[in-house]
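Per-chain numbering from 1; labels A, B, C, D, E and F assigned in written order.
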Amino acid sequence: MRGLIVGRFQPFHKGHLNIILDIFKKVDELIIVVGSAQKSHTLENPFTAGERILMIDSVLKKYDTHYLIIPIKDIEYNSIWVPYLESLIPKFDIVFSGNSLVRELFKERGYIVKKPKLFNRAIYSGKEIRRRMLNNENWEELVPEEVAKIIKDINGVERLKNLSRDDYYEN
Amino acid sequence: MRGLIVGRFQPFHKGHLNIILDIFKKVDELIIVVGSAQKSHTLENPFTAGERILMIDSVLKKYDTHYLIIPIKDIEYNSIWVPYLESLIPKFDIVFSGNSLVRELFKERGYIVKKPKLFNRAIYSGKEIRRRMLNNENWEELVPEEVAKIIKDINGVERLKNLSRDDYYEN
Amino acid sequence: MRGLIVGRFQPFHKGHLNIILDIFKKVDELIIVVGSAQKSHTLENPFTAGERILMIDSVLKKYDTHYLIIPIKDIEYNSIWVPYLESLIPKFDIVFSGNSLVRELFKERGYIVKKPKLFNRAIYSGKEIRRRMLNNENWEELVPEEVAKIIKDINGVERLKNLSRDDYYEN
Amino acid sequence: MRGLIVGRFQPFHKGHLNIILDIFKKVDELIIVVGSAQKSHTLENPFTAGERILMIDSVLKKYDTHYLIIPIKDIEYNSIWVPYLESLIPKFDIVFSGNSLVRELFKERGYIVKKPKLFNRAIYSGKEIRRRMLNNENWEELVPEEVAKIIKDINGVERLKNLSRDDYYEN
Amino acid sequence: MRGLIVGRFQPFHKGHLNIILDIFKKVDELIIVVGSAQKSHTLENPFTAGERILMIDSVLKKYDTHYLIIPIKDIEYNSIWVPYLESLIPKFDIVFSGNSLVRELFKERGYIVKKPKLFNRAIYSGKEIRRRMLNNENWEELVPEEVAKIIKDINGVERLKNLSRDDYYEN
Amino acid sequence: MRGLIVGRFQPFHKGHLNIILDIFKKVDELIIVVGSAQKSHTLENPFTAGERILMIDSVLKKYDTHYLIIPIKDIEYNSIWVPYLESLIPKFDIVFSGNSLVRELFKERGYIVKKPKLFNRAIYSGKEIRRRMLNNENWEELVPEEVAKIIKDINGVERLKNLSRDDYYEN
């Protein structure tokens, strides 16, 4: 059985890892869709798709379950988003998503859709991690160590801080 | 004389019908543009263009005035939106719109533009209908019966409720 | 039963009309998709979607069968073209097309697809009509008279001749 | 040395002129990028790229430093925005920007980036000028006289007021 | 060291496999870009990106070298194609390509680029395989057996034959 | 009076210069549109828009007539191409073009359109220059010396030769 999970992974954290390790027990293969692939360099979406793929792959490659990681850009056209995604990835049997829009779109196309159990949602979230990065708090404990290393290599925290400077002037 | 009216029709309701029946008396033919054609499956825009065209056509086909229904997607480029629309529909003589941007864009291109009289705007509005759908109140009384039937056939209220579930998690 | 026919209609001619009158006997409603809606002002595609819709509508409105005319642009993405089209038009039960790609795409999505019988294909074709226009031959006999009138109103033959002047210089 | 400055110039005002005259002393040539080129006819972005280019050019052509004015649309893809811009303009050595995102994107590509000194930011801003236009206050004193004339020629204040009418109805 | 190879893989054949097994000896990880990801259902590009990814993955997963398979659509904008690709994949050190445009674009961005040795090019080519499919000749011997099975599962040969029917009529 | 000329300028040559110097006598200002701005790195379109703008500007800046150089990408939508262009450039009174499509599109929008006199077309053409570059013949004599210098600085001839290598393999 081939499963599908969709996320933005800004960045990939221990909450994501937990969900994926749980899914790994239920499927033979997992397709991990990195959504909003075109977004980066914003306070909500600091990392490029390539950086996010590297984060996920660095962590997962030590596990035995086979997976594919596919970047998918937003198309801003909900009613054809599932066919768009189907054209870019191998067929799959079950979809895991914590997003009500994603679940509805797959359900209307006849897929089995499951809502994954979240793992201490209050702190294992991209939002909390980005907040800690901006406030010089301990964000490293919330992500796998491979991810912390990648973020340091690309100066990710500095990028986020630069983006947050309040000197945007409206021309 | 050929008239033009632009709307999103999320969904098509008795206020729209009222305006159109009023215009039907003034023109020989009416072009009905279904705007934001690419949008669906959101709380503001639950229905696809195809579903909205079916709603409008189911109601209007019993009237005598000839009409065309044309879906037009947003192009996010105001200064060429009128020429874009002109390329996709037959020539027209007068434009009806309650939207100040639409009126301004047509006026700058030299069109005669009229603001339609609204009919009990407080309740005959897409916003009020969608609110009632989410709150299990009587929304059916605000739309023509053909529209109520179509929305039931496509499980439209269930779609709206599914989309509104507050379990979106930021990945 | 609602049928669907897809064409470019450059221009709408008696061969198209013949096919549509034949389909009118078999369906309750017909959706006429005007394809390559974004194309105009070329030797292969001289007329805009708006002009083509006007041609079709001028001819068909005297018949009793109900129809919709919907312009659809090329998306250059075959595997999602049918879902794209489905999002923009009401549901349909049967597809008529003389194009092998269109037939294959609808078949793979589970539609019933029919190949319409052509009516003296050698002369009732857009290609032949455009050739006659450029060579001052009798093209009017190949199109319904409403179409001939529209083409004259928009100086369509002059447009085609202007486009064909061999003075394009490669800058 | 060739410099680059990026702005929206909605409209071009004395604050912009001040910054540019300051940069003119430091560079041999200046490329002025008119950003969000596709935007116009909104309360935040009332003027087209063509109108904005005319404003800038009308003012600057009396100065001696050579410049180019290039309209660039938003591509909503931060990580390729600098290469996109590089493909459309001659090479440059230094970038001036008061926007933290723009500075970060150029810095990550290895450019020297400077933050221009602002000149009485409270009043010399597009936002303040548009506010004064809507409130019949003196906006002319904030823009070069050539710009005031262009805005009058295109009925720019009337456009802004028409757009602000509170009669948008949600269809 | 991380390598990159770009191909269309219509379909993935033994020539591709040969090249990749050769590269596997030289790199620690390989990123396989499936180009023209938006193309399918044509005589030159019969298979979707999803189908092509499945072909490649089915064959390669039994080998030890770690790889990623990433679908990339054509952007028809050569000068930003490399940055576009960089945004969607992890960093890489060396590029393998038999296409002069791809090699030139990467070279101008400073990459090390190698031209892979081809393995009996006359028969191990997508073109030859598609020709054999249309002519009921032995195409299976040119692809890995996993690929032959996938093509049969999706009725790939029937798709190709349907697309080739010479009954396209120009509407 | 403000004039407009549209070209691809691949590369800018003495034939172009001749036409422009002739137009300079007839207008107060000239807008030079660099078309197909998104194209580069092909045998027909080797140079980026930025490179082409630099070529034109390097030559023209020694003349007295004021000009603007604006890159415009192809939009593959003929009927809205003129409004698209109008949104991006200041108003103009007269159009110069040797291309029948461009002339027809502007004429249908009511512009005065002139066909420029060509200057020894057989050799002063982009096509001939690119042919000479590939064949190591004297191309420099056909372009202004500033252009020859720019092409050398960017290794333009090497780029063209690399692109022409006949080792493209169909993957």
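Here is the rule we use: a residue touches a chain if its C-beta (ideal position, glycine included) is under 8 Å from a C-beta of that chain, and two chains touch if they have at least 3 such contacts.
Since we're looking at a predicted model, the values are computed, not measured.
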By label, the chains that touch chain C as well as chain F are B, E
Since chain D and chain F are copies that touch, just let me know if over half of their interface numbering is common to both, same, or not, different.
same
What is the distance, in whole Å, between the centres of chain B and chain F, each centre taken as the mean of its C-alpha atoms?
44
Using CA atom averages as chain centres, what separation in Å is found between chain A and chain B?
36
Would you give the residues of chain F that are in contact with at least 2 other chains, written as numbers and ranges?
38, 40, 48, 77, 79, 86-87
Who touches whom among the chains?
A-B, A-C, A-D, A-E, B-C, B-D, B-F, C-E, C-F, D-E, D-F, E-F
Along chain A, where are the residues that touch chain C in the complex?
77, 79-80, 83-84, 86-87
Could you please specify the touching residues of chain E with respect to chain C in the complex?
38-42, 48, 159, 162-171
Looking at the complex, which residues from chain C come into contact with chain E?
6-10, 16, 35, 76-79, 98-101, 103-105, 107-108, 115, 118, 121, 125-127
Taking the touch rule as given, give the residues of chain E at its contact with chain A in the complex, in rising order.
37-38, 40, 48-51, 53-54, 57, 61, 66, 68-71, 86-91
